[in-house]
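Across the two complexes that follow, subunit A remains constant while its partner is subunit B and subsequently subunit C.
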Partner chain A sequence: MGRELVTGNYAAGYTLALAGEANRSGRGCGAGAYPITPQTEIVEYLRGFEFTKGAVVPVESEHSAMGVCIGAALAGARSFTASSSNGLAYMTENVFAAGYYRLPIVMIAVNRTLGPPWNIWVDQGDSLALRDAAWLQFYTESHQELVDTILLAFRVGEDPRVLLPVMVAEDGFVTSHTQMIVDLPEQELVDRYLPPCRVPHQLTHARPTTVGGLTWPKETTHHRHEIQEAMERVPEVLAEAINEFEQVFGRRPHGALSAEYTDDAQTVLIACNTMTRTLRRVVEERRARGEKIGLIMQKMFRPFPRQELLRAVTQAQRVGVLDRNYSPGSGGIMWTEIAATLQHRPDILVQDYLVGLGGGDVTPQDISAIVDELQSRQTAGDPVWKEVAA
Partner chain B sequence: MSTAMAPVSKTHCDNVLRPGNTNCAGCGMSLGLHWLDEALSEERPFMVIPACCGIVTAGAFPTTAYGVPTAASTFASSPAVATGISQILRMNGEENPVICWAGDGGTYDIGIATLSAAAERNEDMIYVCYDNEIYGNTGGQRSSATPEGVRTSTSPRGKVEQKKDMMGIMAAHRIPYAATLSLAHRDDFLRKVRIARETKGFRFLLMLSPCPTGWKSEPAEGIDLIRTAVGCGLFPLYEVYEGLRYRINARPDGTPLESYISRQKRYTAAKVDPQLIRNFISEQWRYLDAMARAFPAD
Partner chain C sequence: MMEMILYGRGGQGGVTLAKLIATAYFLRGQQVQAFGVYAAERSGAPVQAFVRIDSQEITNHNQIREPDHVVVLDRTLIAPRITTGLKTDGWIVLNTPDHPEQYAEQFAGRRLATIDATGIAVANGLGTKAVPIVNTTLLGAVARVLGLEWADVTGALAELEFGGGNITAAKQAYEQVLMQQLAGSLVFSTATGPAAGSAVAGLFDEVVGSQPRIHTGDWANRAPQRRQLTPPCNQGCPAGNDVRTFVEQVSREDADAALATLLETSPFPGVCGRVCPAPCMSACNRHEYDEALNIREIERYAADHGRRPEPLRPIRPQRVAVVGSGPAGLSATYHLARLGYPVTLIEAGQELGGVLRTGIPTYRLPREVLDSEIHYIIAHGVQVQKGVRIKREGLLGLSREYAAVFVATGLQETRALNLGNLHADMVMEGLDFLDQARRHEIFLQDRRVVVIGGGNTAMDAARSALRLGARHVQVIYRRTRAEMPAIAEEIEEAIEEGIELSELVAPLQLQNNGDGTVLTCQRMRLGEPDESGRPRPVADTCEDAIFDVPCDLVLLALGQSPDLSILPEGSEITENGQLLGLAAAPIFAGGDLATNEGTVTAAIGNGRRAALHIHLTLTGEDLFPPEPEPTAQPAQITMHLFKHALREKSAAVAPATRRRTFVEVRQGYVDEPGHHPAVTEAQRCFSCGVCNNCDTCLTYCPEGILQRRGDRDYRFDYDFCKGCGICATQCPRGVIYMAEL
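Our next item is the complex of A and B:
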């Protein structure tokens, strides 16, 4: 394909299809497809793609879309789907099931505000609400990052050291419906990068098992602990997957975090998805004026990259978290995790900003005002509700 | 286990369900699963079982009473999970039957949208509902399969609503094959499972399943209760091809309704008016006869 001007959803659908097609030498691929704005174009693309060995099933709900993925993966196939917002909420029971079954399904979460009241614009609260579902979670700031992370997702999730499903999030509309120039991979390279998917606990008559039956507390604890151990192996597996990605595709995607200008930064701002791009502009302008300021693009949220985060804030005195999500009665979900990690650094002031909720347009001026507020603080306080113009 | 693929002789039909399962004594599932196995003969199934007594049957990890590969799905999802399995098996040239084994709660209630969708897509699977007319696993609550009048823990004064006509709903999907199964009519049972086995696409089998625990009946009387249910006309034995060709397999034979309800405390404790049930039976047969006359299979 080469370099193309495409929407985020096109890029995601295209990449999922190539990953599915790459498993034609294995047991093929299976997907459940159900529409919801702003994800719909992805499942439309998948339904239109002519797989050599694959089935995209037009189901009646997101709950069943994930059900079909679970069945396909239990039969040994590569499996994937996409959803957003209330679709993810409706799917939730089977999202947890996929994680607990240890099936390496890949799902694109196109972030959208949960309703009612109905609002189709971006807010990461939908996928963050699924953070405890035993899935890896990645957040992407650009179309290219999205494409590359989807390929990494299959590679890491299907790795026998991990064997967990992976969610790759993109911003609704800001990414899904805008166009950027993207290096779209060729099938041949994807074939090279993704070996045939193998699900070791695939249902088979050679070894009849009951997958997902009853367990006692002790076995359940072991099961959860094994998931934790798999999560702990992710950084190593991801690092390998990135190195090999570079060899095959000639580009190097970000890892768990992208820490930029943080070596000497006394003020560090953290964001995810496209807000990072606005934040980067503000940080670069301020650095040009001599400020010791840096940023962190939080790409991986599960497993939560504690070590990487601690390494990125060695010189920091103040950390501001930009949360486009809100857990009622608590605050920003990224902030609670970041603050828990930074308890090892009690010298750092960690402040949360709830900004751009419900898809509000966050401008460089908004972020600059947040930086000013952060720098004027003597102590951290409750999450700050930052209103934006629209 | 290389023997798993070996042909199963009729003297060894416990492959799907092994001894040592947790079914209550007299549970209809035990015999139903054996006959299912027997009728499948050499064909080795993949099972999908949602939350229900049927998955508790397996016992706890790492042991399982199921001798064939089995997926324990979420409550509403068995036809969706079976869709994924069936699609992938078929594209790999594997023709093993994919069988959902679900209770009436999973079928008539929480799973009906998923079931309807899989039927509408004519997915290649056999869906068996073992209908014990109650939520057995959670201790005996009403479902939309519970007959009118019956007392359950969530219909303590007797159920106000009629039993849902699931066969009618499935026939309306124009699926290749739908049939009712009686544990008191072995030949008819085996014949229907064999027809289902030989048919492609979505097949629906509805088995009235005695549940001594929920029905408050004697475990030893389960099969006879089913014979009585068929004989008095409460549980008609029939099959529907393509949703449009009806065949009635057994007509009411004059068995008194009282011999069915008097042996189950779920009826007697609620003092169900037998006339209510008689009305239900005659309406059911008026509908069925009309359908069989208008759309005969033969």
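Our next item is the complex of A and C:
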């Protein structure tokens, strides 16, 4: 395909389809599809794609959409879907099931604020609420990052050392509905990058089994611990996948996180998705003025990349977290993870900022004001609620 | 970096125009970004789209606030606010047929381009005439303004697979766009986007506001309006009764209010509830759905069960005389008295009521009902003179004595029929027969009776003859049952009672045939319509076309005509043949004397209009009802919203019993514990064209912008009404309609 001017949703649908098609030499692909704003174009694209081996099944709800994915994956197919916001909330029971069944399904989460009150704009609270569902989670800052991460997701999730589902998040509208130039991969390269999917506990006629029956506490603990071990192997598998990606596609996607200008940075700001790109503009402008400031693009949230984070804040005195999400009664969800990790660095002041909730247009001026506030602090406090223009 | 804002309306293709512009630059090797602002909006809502062009990678994902150029896709969006944040040398590209000079004042000092993109798009068949899609056309204009080559335009259109009319339209716009630097100094718009710094509402805080105040009413291209139509029953009532209202009052179990409504226009609800031919029921829209409402029985129920208000007393100085106490005279008397006039009612006979008393048998209209309604009229301070026959001289005398005189002496002349000279004593006028019958002056034991005619008098005479002991009663009529002027139910009941109806038969003469007297008859058939619109009966020529009917008595019910000798010589009856000013004297004529409309109801309405006319003449005050609104048509009623329900049955005495007595045949709607047929029947009313607070509109309004304050005061909040039209679609009775904006 080469360079195209397309929306994020088009790019995501296109890439999912190629990944599904790439499994035609294996068990093919299977997906359940149900629409919801701002994700709908993805499942529309998938329904319109003529797979050599596989099917996209339109169903009556998100819960069933994930049900189809679980069935397809247990039958050995490569499986994928997409949803958003309250759709994810409705899907939740089966999202957990996919995780605990250890099925390498890939789902695009087009981030949208959970209602009520009703809202269709971006907020990462919908996918972050599913952080405990035994899925890997990646957050993408651009169209290109989205496309590349979807391919990484299949590669990592299907790796026998991991065997877990992967959620790839993109910002509703800001990514999903914006036309940007993106390098779309060719089928031939995707075929090379994604070997046929193999699900070791695949159901077959030859070996009838039951999956997910009753277990005793001890066995359940063991099962959980296996998942934790799989999660812990992700950095290693991801690194390999990125290297391979570079060999096949000639470009290198970000890893678990992208630490930029952090070598000497005394102030470090952390963000995810497209807000990172706005943050980057602010950081670069301030560095041009001589400030020792850096940023971290938090791409992987599950497993949480503790070691990478600690390595990126060696010089930091202040860390500010830009959370476009909110856990009632606590604060930003990224902040709680980051603060827990930085318990090893009690010298760092960690402050949370709740910004752009409900899709507010976070401008460089807004972020600059946050940086000023962070730098004026002597102690950390409760999360700061930062209002922005509509 | 170059940034642009496109202002358009949902459905015009603004986001696609943004992509087209971006594509043109993308194909030139530039970095680009195109996006729209999305909300819960729909076709027609103001929307914005943005384009960024740069030689560097674009990392800005914010909305554009200080554009280099703006494009306006819809003429209705041209306003100072589009220049908010616009750079001083930025272009304004407007979709308008106007010349840039037209905007010299509004956008002074700006660089401005105009193109009639809508006209070009329509001419090239892009979109529909209602919603032309102007994006490809505007691409041509924008490209020209931004200094792009025509090849850039064709490249972008090809990339997005636009062909045909799109290319032609873009080319026309590329060539025709008018660009001008407007003179004068810049005026900076102070208009802002969404209010900054306004208080944010909590979910439970009604004081601060709740939802974002987006005036979604601006998106509407039509708006719901309310109207009141004339229900067909009201339109059809010759007495002018507000039928729909009294039916609704009965449906709410308020017989008192229903009777009060009836008494506004008629003193005879009890009479009409029994003998009216009920044109309201023929007009009823429910006839198109299952069965017309039984309005006559509902009126009777209101009259029999409601309480009458206290009669009013005269308060005016001008005295009015009314000559004739038939329905027209009594109605005029009643309304004049209610208006406060002292009325003197003059009747030639010994009893009041005219044809109501002499011409309608008591099995249809019991004496007590008539007496009670007449008594109520007289109780309004009316002076009554009985046994006083007024002739022409007397009338002129009254006109000198009274401020006004109303003459309603009805029809006194009967139509004769020559059946030969032989048996004159065997032939009797139907009305005379009925008068004798009610006074029990005639008995017909074992006699064979033939009634000639097809009106109510014929039916009344036939059924009375039966009750007076006749062995056999036969009605002969020269047309068919369908053309008979008599009330359909009367015919039905007569047949039930055993009366023989012979259609298409005309009498020739009475004669002896050896066995006794016979009426020789001629068989008829229907021919071409005559001047009355009914088919003309013509003599049949078949073999047995002439035949004999044995009979002992012939009753003639052929209709009547007025005796005009009472009126002053040279009188002219005016007012559309209904009323009634007579030249040079304060004398007014009405009822059948003036109009020959022939029904009690018409006479009642005529008497009322006479009273209003007299009042207007005496005081200059016009109390006539205003011109009625258009009548509600069946198609305006959303009938499927109503449950099918057939008429409630009213009670009647069985034919075998009633055919020998003068007891009232129909017993009306009789309440029983747990069953109120009159109320149930009234609840079948569609309330055509008149709001009855059903609140269906409130239930269905998806926006919640419709409110009711108190009784029937519904308010649309047009700030937030998008014009979806569901209220109008769901209004069961055609009250709400959509007006184009």
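Assume the second predicted complex is superposed on the first by the 390 of 390 C-alpha atoms of A that agree within 3 Å, B and C clash if a C-alpha of one lies under 4 Å from a C-alpha of the other, contacts with A are read in each partner's own complex, and residues count from 1 in each chain.
To be clear about the criterion, contacts are C-beta pairs under 8 Å (C-beta built on N, C-alpha and C of every residue); 3 or more make two chains touch, one makes a residue touch a chain.
Keep in mind it's a predicted model, so treat the numbers as computed, not measured.
Trainee: Putting subunit B and subunit C onto subunit A via the overlay, clash or fit?
Mentor: After superposition on subunit A, subunit B vs subunit C: fit, no clash.
Trainee: Could you say whether A:P38 touches subunit B, subunit C, both of them, or neither, answering first, second, both or neither?
Mentor: Second partner only.
Trainee: Classify the contacts of A:W385 with the two partner chains as first (subunit B alone), second (subunit C alone), both, or neither.
Mentor: neither
Trainee: Counting touched residues of subunit A, say whether subunit B or subunit C comes out ahead.
Mentor: Per-residue touch count on subunit A favours B.
Trainee: Could you read off the angle at the CA centre of subunit A, spanning the centres of subunit B and subunit C, to the nearest 10°?
Mentor: Between subunit B and subunit C, as viewed from subunit A: 60 degrees.
Trainee: Just checking: does A:A72 make contact with subunit B only, subunit C only, both, or neither of them? Give me first, second, both or neither.
Mentor: first
Trainee: Once the structures are superposed on A, label A:L5 by its partner contacts, choosing first (subunit B), second (subunit C), both or neither.
Mentor: Once the two structures are laid over each other on A, A:L5 reaches subunit C alone.
Trainee: If we overlay the two complexes on their shared chain A, which of subunit B and subunit C does A:R281 touch? Say first, second, both or neither.
Mentor: In the superposition, A:R281 contacts subunit C only.
Trainee: Once the shared chain is lined up, is A:H177 touching subunit B (first), subunit C (second), both, or neither of them?
Mentor: A:H177 contacts subunit C only, not subunit B.
Trainee: Could you say whether A:D361 touches subunit B, subunit C, both of them, or neither, answering first, second, both or neither?
Mentor: In the superposed model, A:D361 contacts subunit C only, not subunit B.
Trainee: With the two complexes overlaid on chain A, what is the closest approach of subunit B to subunit C, counting only CA atoms, in Å?
Mentor: Here the least C-alpha separation of subunit B and subunit C stands at 24 Å.
Trainee: By the touch definition above, which subunit A residues appear in both interfaces, subunit B in one complex and subunit C in the other?
Mentor: none
Trainee: Residues of subunit A touching subunit C in their complex?
Mentor: Checking each residue of subunit A against subunit C gives 5, 38, 117-118, 120-121, 171, 173-174, 177-181, 274, 277-278, 280-281, 361-364, 387, 389-390.
Trainee: Once bound in the complex, which stretches of subunit A touch subunit B?
Mentor: 27-28, 30, 32, 53-55, 57-61, 63-77, 79, 93-94, 97, 203-216, 219
Trainee: Name, in rising order, each residue of subunit C that touches subunit A in their complex.
Mentor: Residue list for subunit C touching subunit A: 18-19, 22-23, 26, 31-36, 38-40, 58-63, 193-194, 196, 200, 203.
Trainee: Inside the complex, what are the residues of subunit B that reach subunit A?
Mentor: These residues of subunit B touch subunit A: 1-2, 4-5, 44, 46, 48, 55-56, 58-62, 64, 66-74, 76-77, 79-89, 91-92, 96, 113-114, 116-117, 121.
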